[in-house]
Every structure is written in structure tokens, then in C-alpha cells.
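Each of the next two complexes has chain A plus one other chain: chain B in the first, chain C in the second.
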Partner chain A sequence: MRAMILAGLLLATPALADVPTAVTDHILPGYANFTETAAGLAMMAETTCAPDQLRPAWNAAFDAWLGIAHIRLGPVEDEGRALAIAFWPDPKGMGAKQQAAMIAGMDPMGLDPVAFRQASVAVRGLMAMERLLYPEAPLTGDYPCALMATTAADLAQTARDVQAGWEGGFADAVLTAGADGNTRFLSEVEARQALFTQLITGIEFVKESRIARPLGTFDAPRPDRAEAKASGRAGRNIVLSLTALRDYAAALDPDAVTTLAAFDRAIASAAALPDPTLAGITDPAAWLKLEILGQQVQAAQDAAVTEIGDALGVGVGFNAADGD
Partner chain B sequence: MKLTLAAAFCTVALPAFAVTPAEVVETYADIAAAKYEDSLITAKALQAAVNAFVASPTDTTQQAAKDAWFAARVPYQQTEVYRFGNPIVDDWEGRVNAWPLDEGLMDYVDASYGGPTEENLLATLNVVSSPTFTLSGTDIDATVITPALIRDTLHEADGIESNVASGYHAIEFMLWGQDLNGTGPGAGARPASDYATGDACTNSNCDRRAAYLVAATDLLVADLEEMAANWAVGGPARAAVTTDPAAGLNAMLTGMGSLSYGELAGQRMRLGLLLNDPEEEHDCFSDNTHNSHFYDGLGVQNAYLGSYTRIDGTVVSGASLSDLVAAADPAVDAQLTAALAATMDALAALKAKADSGAMAYDQMLAPGNAEGEALIMGGVNGLIAQTASIERAMSVLGLTAAFEGSDSLDNQNAVFQ
Partner chain C sequence: MASRRAFLAGLAAATLPRMSWAEAGNPSYLAAAQLADGTFALHGLSAAGHSLFDLPLPARGHAAAAHPTQALAVAFARRPGTFALVLDAVTGSVAHRLAPPGNRHFNGHGAFSADGTRLYTAEQRADDSAGIMGIWETAGFTRTGEVLTHGIGPHDLKRLPDGSLIVANGGIATDPTDRTKLNLDTMRASLARLDGDGTLLSLAEMPQEYVQNSIRHLTLIPGGVAMALQWEGDPAEAVPLLALWQEDQITLCPAPLAEAARMQGYAGSIAATAGQIAITSSHGGVIQIYGIDGAFQQTLTRIDASGIAAQGDGFLVTDGTGALTRITAAGITAVETMPLAWDNHLVALDGAV
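On to the complex of A and B.
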């Protein structure tokens, strides 16, 4: 009896190439790209605070972040860095409220990138930068200009910190899971489960926050809840995050044909959305297209849970989406 | 790899252990029944105190009602570990402990609260001062405030979760009022005269305010009666975990891990710190958050150790999950037991600081308060560490957490139909 079970397990034991591939081909290059683009934004923000000049660099940094934003494990979780990079959704409007107070009071914290690291995550990162680059009314005076440079410098530093954390130890911890002395991952299974969990919760975030929140209901669509509304990036963010998740899924299990095909369908639909700002979802036809996209993302998640979960021999671990 | 083999072996060998999964889930259900019964007993005491307060609103009767509310939180918070693993609890929980809330739905608020938001057009509805109003295009008659009005019409009105009209936090707001002290000392300071009759009434509509408080408290008692019955012998919540002990074990560990990590460490503790937002505290009107977190943590620990001390001091205990895990892998049990104890030490330190009166939980959230941050992060780090051990316990028992996801995943019809 036991021999049969062991034999069954050995057959089911997955190839172990998944974890190294995901780390070296996806995660590390993803962080390097984000660090580079964030540094580019910070450098430019030292020389100008003209929104039209800074916007391309900000968009490039946002694009790069979406390539890696689904990894909510290790250094990016330390000190709340993931939220300090992109605090969204923000249903209570904390970011706008706290940033407006900072500007009105000319808070000295906003002039010093070191002090700024202690500021609320709602006034830091890409979304805070968006409010400065795409303001409802033009910002005047020296303070918002200085705050822009501080926000960009802080973002670049956070990106460096995350990259350094991975390259300076966390990647090794993942790659040596189960080795003597590795207290973070006591087995290869633990590392595999941790990486797999990022895939599933990453898809969940696209589905719930980027799609379902603005979708609302047929009778009451909520386009105001679209991500990055001021810059009109909502549709682009869906495309780029799904593309990154597909890439990550392929790194974990290149043979996951059902999952990858499901991603391809969702990405094609996302790219074909009639209005990339999602403002047009008040139109029933546009609303239905977004709803169908939501179903396709759900299908990709369902496929990944069974197909990749089985291939890796793990289930989804505890994660931030377990809460309310 | 090693763990996978061990898990398969253990699954086969489970019946040979000193305790059986069936015995363990029996203890789990017995403790649930005791906790919900204690919650009901203390809620009835709160109901009596609220009735006495509105009959004769003085500082003394108001304080007695507040004290009864504090006491009611002790057993209830220990039940939260049942929430995420048991759908029957999770589906019900929003009625009794929904948070955070846009309290302007219920009663008057300070000007600093702001008006209706893009997210919530009803954020300042103020039903206490509005006998009739329009809700999503429908005319509502709220001339008589009843439990049914709160449950069926006001709670989560317009599909917005922050429209909290019922439960502990609604009652908390009606007793304390808004805490306008930010990250400074002090809790909500609603005067007892908000419930006075005639000319003594402050902030108007005292009779409607009293009706609201009484109705919300009556509703809490009714909701807890329902859940206590669900866990009593023959109840469906008990049956769900005892008819399939493996599923019951899964519910136990899923509840422990989800509460520890996503909910408590993440949403309720670290987020408030990262935002320096004094409203991001669970019991924000009463400044009771330190107790709320402490008893949540205690609930996780006693679910694992299979022993709960009731409000009358008697102990309900039996075959425990700890026994089961220890039989499968003593090292994993020792690690998890130690991790749970370390978390309780950290939460006890946080509680002691707040109880001393030196620093309330919202003051700990202030920017630059290194001591407060360290106290909160001590709890957060303990909860994160114990979650890793909970996953190991699941692995050693051959269990995999069902992917919880969010509401709309569980109920896809709500979003994608």
C-alpha cells in the first residue's frame, strides 16, 4: 500500500526547473527593469517638473512596475514597499487627501527624500506621482515641484531596495529552499507554493481591482473607480499586467497550454477594449465587453489553479487577499 | 519534496494517532458553541445596559453601556478564527462586525468627515435625522426605526460595504460617537444628552437616536442567537465540520491562517501603520482596538490548542489540533505552538501599553511614533511568522487550503453575470 502511494507521488513529482526559471528569467529581470525606469524618472525630476516632460518617464516606470507587481513576496513586502510603490485601490481617497494636506501645509517631509520614507504610503509612489503629473487644476509654486522630485527619488530608492533585497539574499533563499540552514523555505514545496500563490493572487488582483471594481453592475457601472484614471492608463494596465502574469505562468510551467491559451484570449480582449480609459463602460456594449474580459480572466485563474497547481504539486497559500 | 512524502504517509496513518480528526473537530465545534453562547450572553447584558441608558441617559448609565460593550467584545473577537474557514460564519459575519464604516450613514458627524464621496453617495445620509429619504431611486419610510429597517434597507445600502448600519461597530458609534482626536489621546466623546428627552436633547432627534441604538442592539442579539444555534448540537455549522473531519481540519487551519495573515496582520494592523491613519483602527470610536487584536490572536491560539476559557471561568477543552500535528511531526507542532505564544506575547505587550493609558492604539499609528510602530509591528511579525507555521501544519496533515479569494470569486453571479 505504502509503496504504491510512494510510486504515485514520484510520478507526480514535478520537474524542479520551475522555480529557478521564474526567479532568473522573470523576477530578477523584472525588478532590474523597474529599478532602471524609476531611476530614469527620478533623474529627470531633478531637472524639470514640467508635467509634459516627466509623463513619458513616469509611464515607463509604471509599465515596468506592472511587469513585476504581482510578486508580493519577500523584500517588496518588507516595510510595506509594495504599497509605497503603488497604493491602489484607495476607496477612501486617502492619497488625494493626504497629498493635498502635505502641499497646503508645505510639509517639510515632502522636501527630503529620507524623511519622506516615513510618510504615509498613500502620498508615496506611482499613484502619488500621477496626481502631481495629471492634476485636476495646475499646481503652482515651488513646493509641488520639489515634492515631485522627492516622490520620484523615493520611488527610485524603493525600487533599488527591493532589487537589492532579492539579489542580496532573497533569491538565494528561494533557490536553496530545503537546504540546511534555510529557515525561510524549509522545503522546495514551500518555495514552489509561495511562487504559485503569487500567480493566483496576481490574477485575482486584475480580476477584482482592475476589472470588477470599475465594472460595478450593469445598472450602475463605476468608471470613476478605474485604475490610474487621471492618466487614462486603466486599459493599458490590464493588458500589461495580464501579459506579465502570462509570462510568469509560462516560467513556472511552460507546458500549461490551457492556462496560456486562456491568458491569450484575455489579453486579446483587453487589447481590443473600445475605450482604454474605461470611461465608456457606461455604454452597455462597452460594459459587456469588460464583463466578458472579467470572465476570461476568471477562466485563466481557474485553469492556472488546476493545471499549474497540479504540475507544481501545490495549492494556494495564505495571502493578502484572504482578508475582507 | 520531503514534506510531500510525509504528508501522504500521514494521511494514511492518521487513524493510528492518539487523537483522531473526528475528536479534534468535535472540540473545535464545542469551543465554537461556547464562544458564540458567551457572545450571546454578553450581548444580552449589553442590551439590558442599553435599555437602561436610553430610559435614563446619564453619564453613569452611558458608561455602564460602554462597559457592557467592552465585555461583549471579549468572547466575540475570539470567534473570529471561525470566520474564514466556515462559509456559514463568513456569510453572516458582515451583519455583526462589518468594518470600516462610513458612520455618517447613521447619525451626525463632524464637518471634517466630509460629504458624500464618489465611492459612497450615502456617506452622510444620517438616518437619525431623516425619517424619509430616497435610496437608489426608491422612497424609504424610516419614521419607525426597527431591526428590520436596519437589516434589510440600511445595512450595505446601495451595495456599499462601508454603509455599515448593524453590528458591534454601529452600536459602538451610537455609544461613543466619532473619535475626533486623530492620533492624539482620547476616544469618541458623545454626550449622554444625545439621548435626553425634551429640551435637554443635544444634536437633535434624540428619540430617533435612542430607537436606532435599541434596534441595532436587538438585532445583534438576534444575529448571535442564530449563530449560537448553528454551532449547538444538531446545528448546521457543527455538522459541516463534523460530518467530514478532514474538511473540518481544513476549516480550522484555513481560518487560523486567513485571520492571522490577510486580515489581522495585513488589513487591520499594518495598513493603518503604513497610512498613519487613526481611522484605520478596528474599534476606532471606543479606542478598544488593542483588545480587539489581542482577543483575535487568542482565538487563533485556542483553536489550535483546543482549550477555551469561558467568561464564567470554566474551561472547554478536548482533543486538539496541536495533538494531531504533534503526532504527525513534533517539530512542526513545537514551532507552531511557540509561534502562537510569541504572537500572544507581542499582542499582550501592545495591550498592556494601551491599557496603561499611556498610549492608545490610534496614537501608536502617528507618524514618527517609533515605540507605537514597534508595538504594532511586533504583533504583525508574530502573525506573519505563525502563518508560515500554519501552512506547515497543513502540509504535514496532507491538507491544502481552499483558495478563499474575495467575495465576488465566491459569488461570481454578483459580478460577472
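On to the complex of A and C.
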């Protein structure tokens, strides 16, 4: 680790291809895809609130988000947008509680997409839509229907805002790192380190949140903690997020054969999970399969830290790696 | 009545040439770093944030304490610390090498008394992590005593304007050989205020709701201290990481949910100006600014942001990329980037503004 940090400081190997490729081939198309699918969901939610009609569009938007959700840098971090898109994990069930209160009180905020932007991030975004589209008990009355349209419109607007932020300046800030007047990235190394950090923390999120939270322990599995439990997307989310991370890793360093092979093994295991809802992990054999998947994701992370970190001449931050 | 030992120590001090900070170039800040060749050093920085001198360290440092008048800086090792070096900031030589007594570790922080005659060190008992404050005289830097800090795993230690000491008992018991955390299910952080002889004056505990929030670092504010916290509970919960201690009460200062999440459960350093408090998160690559009353204001982005200190109405920030940046009302601007990695803390010398 120490050698890697110093390599980042000193060598500044000019791996110029990686950053532009990641931005133009991965990040910008990823956001464009998400914006398009979120707009499709919002448009449909204006015409119907029948869950069975909206679910395919919601699933498409969620799929698109997973293609880019690991990028937690720049416009998506402003104004709480990342959490306003996907507020999860939510261990205290804040989203469900606050949304139920909104519905019970017919909060006028839920009828106005502009006012709704001031609502707590816990009641916005894909997970809020999921609760409306896959409710425990059928929702009745006009308010939930209107809230669905508002939530979808807000999601679409957030997606547009993130895309506009990247296309309207942040991509340039990344690509001109180190140039005079660029206060966001003081050097080209910083931009590389920032993009590299997105890869590592993205893998970490799959491992810690999407896998380890429901995994719990052998004696106490926690399938109730699976992501997108109501819609049964937990397994699909693992597959799609790993696939997106592999794509991103390949954009940063197409020669990272060890890392890409490690991703391939993990993706194959994720795709072969016996129960895509993860509800079945109370069965010891299924639990072990998920545990092995977690180890494979860890292996991909270890490989990426070494292989791609070396290729980019960067590491995890000096202080972030050793806090006190 | 001065003891014979203190008298002799005073005599020794009087006869030794001790330089003032002016002769070291009047640094305003101290900061430890890893240099490009992999070695470590303690830097003295000017008020503008430029390096004035660097003193070699034998291993990775953490924080430092500056003598109020003499050009002496005590550099504390990274936890679990087996040494602290008293460095002559003019010559760069090691004036004294401090080692904790048996079954004690230094915990990275310490403070001088206002008159400079005593050094207080935050320590823990190796076998059970019980908090200890070591007391040293500063003529020959010998240990004159120690007291309990009435908590587990103390970390930062600051001198209050009335001369009493405030100790952040982090609450976390650790393995004596490394940093493995042993008691996260039962931990409870506290702030202990001790007089100059180590007598307990007051003790304030972390509120039950946030019992897994560890108190790590402190900065003085009017009528008390502000503290930077590190969350040891479920990482998915975005809890307050700034708290104020005033009138013996600990009050947490929540940020809006989405802003709170950006800290990733980790506040690494803290500083305050007359009007604002700032905390850094190297994990989140952010700096959060609050009013002096603890009301959230904004989040700023800076990769691996760690050390922070007040500079006039704004702040100076150090990070692991070697950059030193300035935060003002207008935002972040670069001051200087050096070929090194700044370590956790940027320590303001007394009287620095």
C-alpha cells in the first residue's frame, strides 16, 4: 500500500487513455441511458398508475441506474442526488415510515414535483417507487396514484440534473485535471485517483451492502435485508452492478486481465444464484453460495486495487486507508 | 514549596539554551507527513501554509503538540504509540525521546500546560485500554505522574482556557498489539475534564442514542469544545459526526440526511474559527462546514481531506496527495502541493490565527 501511494505521488505515469475512456465510453453513456429510462417511467406514470403497467418501466430505470450507480463523484453528490435516486440501505425503515406518513396525511408535497424536491431523500427515488409499485397491501385512492407520478417525475428530473452537470462542466473538470484554474482536480493524478476510488468503493458496496447485509452469519442469515426485496431484484442487482463495475474497470484499464477474470467468475456465480430474491439463503447450501460470491467479489476488489491501481499509478487515499 | 527535583529541573532549564519559535521561523502550524522516499517528517508551516522546516521522524506520525514559548514540538507516533519525540524546531535535533512506561501506549495526542512547564499525554493501558493521562515535566521531560481519564481508549487531549484539560475518551478498547476493536457492542465515549494535577472535574457521556459514536478529536469553541466523531454502528446509518460540549452537556449536530451520508461515518479532524466549525472526512473526500452553533452549512469536496486548522476566518486543509488548500467563503483554492502525503492532522500553534 505504501509503495502504491508513493507511486501515485511521484511517478505520475501518464496513463492518459484511461480517464477520457472512462468518461466518454462509460460514465456519459451510462447517465444518458439512465436519464432516458427515467424519463420513460415518468412519462408513463403520467398516464397510468396501474402497477403492472409501470413495473417494466421502473425495472428498466433501475437497471439503467445500476449501470452507473458506482459513480459517486461530482453532480450526483450535489444536493443529495445519489440518495434521492436510490435510498438504500435504510436500516431504520425511514423511507417506508415517511412515505406512509405522506400518504396518510395526503401531504401536498407529494402532488407537486417541484415541492417534492425538498422532501427527504428517504421518500424519493427508485426505492420509494418500489414501495408504491409493490405495496404490501394494495394502495387505494387518488393520492398514491398522484404520488407515483410525482415520484417518477422527480426521479427523471434528478437524472437530467446529473447528466446536465456532467455534460455542462464536470466532465471537462475531470478531463482538464491539473489545468490552471481547475480547483476541483489539482492534478491529473487526482482525477485518476478519484475515478479509481469509484471502482473500489463500488465493489465494496456490492460486497458490504448487497451481499454481506443479507448474508448475515451462517446461524443468522438476514434475507429481510436484501436490496429491493419487494420487487425481488436483489440477485439481479448484484449481477448488473458487477457487470457495470467490470465495464468500468475495463474502461480504466483494458489490460487488467486478472481483475476482469475475477469479475467474470463473480458475475457467473451471481447469475447462478438459486434464488434471485435471496429469500432462500436460510438454506445452508444457498447461504454458502452467497458467501462464496462475497469472497469472489473481494477477490475482484483485491485484484483491482493491485492491478488497476498500479496501472493508473494511484492507490486508495493515504489517510482514507489509515484513519484514526 | 518546590520539590528538590523541580528546583533542579528548573535550574537545568535555566542553564540550557532554549530557542524561541521566532528562531524557528515563527511557524503557525505543525503537520506530520510521509515523504516521497518513504520516510517520515514533521513540518512547520507558515501562517500562509508554506513549509518552513521539516524534522525527520523515525516512523509514521499522528499529531503534534507545540511548546507555548520554546521552539519545541512533540511529535506523537501513530497508535499504538511507543514513542514521542521532543524536537528542537531550530536545529531539527531530537531533544528528548519519550517512551510510555510499561503496559502503556501513547495514543497520538498531547498538550502542554499554558506556562509550558508540563506536558500531558493521552495514553491507554495496553491490557485493558483504560484511559491514562501521563504528566511530564518539561525541563528534562521526565514523567512525574499519571492519572486515569475515567474512560476507555482516550485519543485527543486539549487544554481549555482555564488551564484544565479535556480528554476525549473514545470508548473503544483495542487489542494491545494492533488496532483491533474489541468492545463495539458495549462502547461508550465520554469527555473528561481534569485539572492540571489530573483530578476529575466533570465527565460527560455520549447520549445513549448514539452510544456507538466514538469521540476522537477536539477543538476549542467559546464556552467549550467541538468534537469530531467516528461512527462504529451500522455504516448504513448516517448519524451526526459533530457534537458540541458546553456546560458539561454533549449535544449532537445533525446534518441533512444526504449530506450526513457523504462523511461515510468518519470525521477525521476538526477545527473552528470565530464563526464556523469544520470537520474533514478522508473516507468521503469531503469537508463539512457548520456554524459555531453547530448548524450545518455546506459540504465541500477535497480528495483524501484530513488535517484542518483555522486560518483567519477560513481554514487550511491538508490531504494525502500533498496538497494544502484554503477554504474561504468563496470556496476551495489551492495553496501549494508538495511531493509528500500529509498525515492526519494540521496542528495550529498557540497564538496562530
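Operating definition for what follows: the second predicted complex is superposed on the first by the 303 of 324 C-alpha atoms of A that agree within 3 Å, B and C clash if a C-alpha of one lies under 4 Å from a C-alpha of the other, contacts with A are read in each partner's own complex, and residues count from 1 in each chain.
Methods note: contacts are C-beta pairs under 8 Å (C-beta built on N, C-alpha and C of every residue); 3 or more make two chains touch, one makes a residue touch a chain.
Everything numeric here is computed off the predicted structure, so don't read it as measured data.
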First (chain B), second (chain C), both or neither: which does A:186 touch?
-> both
Touching partner for A:298 - first (chain B), second (chain C), both, neither = first
Could you say whether A:107 touches chain B, chain C, both of them, or neither, answering first, second, both or neither?
-> neither
Look at A:130 in the shared chain and tell me whether it touches chain B only, chain C only, both, or neither; answer first, second, both or neither.
-> neither
Is A:83 touching the first partner chain B, the second partner chain C, both, or neither of them?
-> both
Thinking of the overlay built on chain A, is A:212 touched by chain B (first), by chain C (second), by both, or by neither?
-> first
Kindly classify A:91 by the partners it touches after superposition: chain B alone (first), chain C alone (second), both, or neither?
-> both
More chain A residues in contact - chain B or chain C = B
Which parts of chain A are touched by chain B and by chain C alike?
-> 2, 5-6, 9, 80, 83-84, 91-92, 94, 120-122, 186-187, 189-190, 193, 208, 317-320, 322-324
Chain A contacts chain B in the complex at 1-2, 5-6, 9, 13, 80, 83-84, 91-94, 98, 118-122, 178, 186-190, 193, 200, 204, 207-208, 212, 215, 217, 220, 224-225, 291, 294-295, 298, 305, 313-324
State the interface residues of chain B toward chain A in the complex, per the touch definition above.
-> 1-5, 8-9, 12, 84, 100, 117-119, 159, 161-162, 257-258, 260-263, 266-268, 270-271, 273-277, 279, 367-368, 387, 390-392, 395, 400-401, 403-406, 408-409, 412, 415-416
Residue ranges of chain A in contact with chain C within the complex | 2-3, 5-6, 8-10, 77, 79-84, 89-92, 94, 120-122, 183-184, 186-187, 189-190, 193-194, 197, 208-209, 213, 317-320, 322-324
Sort out for me which residues of chain C touch chain A in the complex.
-> 34, 36, 38, 62, 78-79, 108, 155, 179, 216, 230, 234-237, 256-259, 261-262, 266, 268, 282-283, 285, 301, 303-306, 319-323, 325, 331-334, 337, 339-344
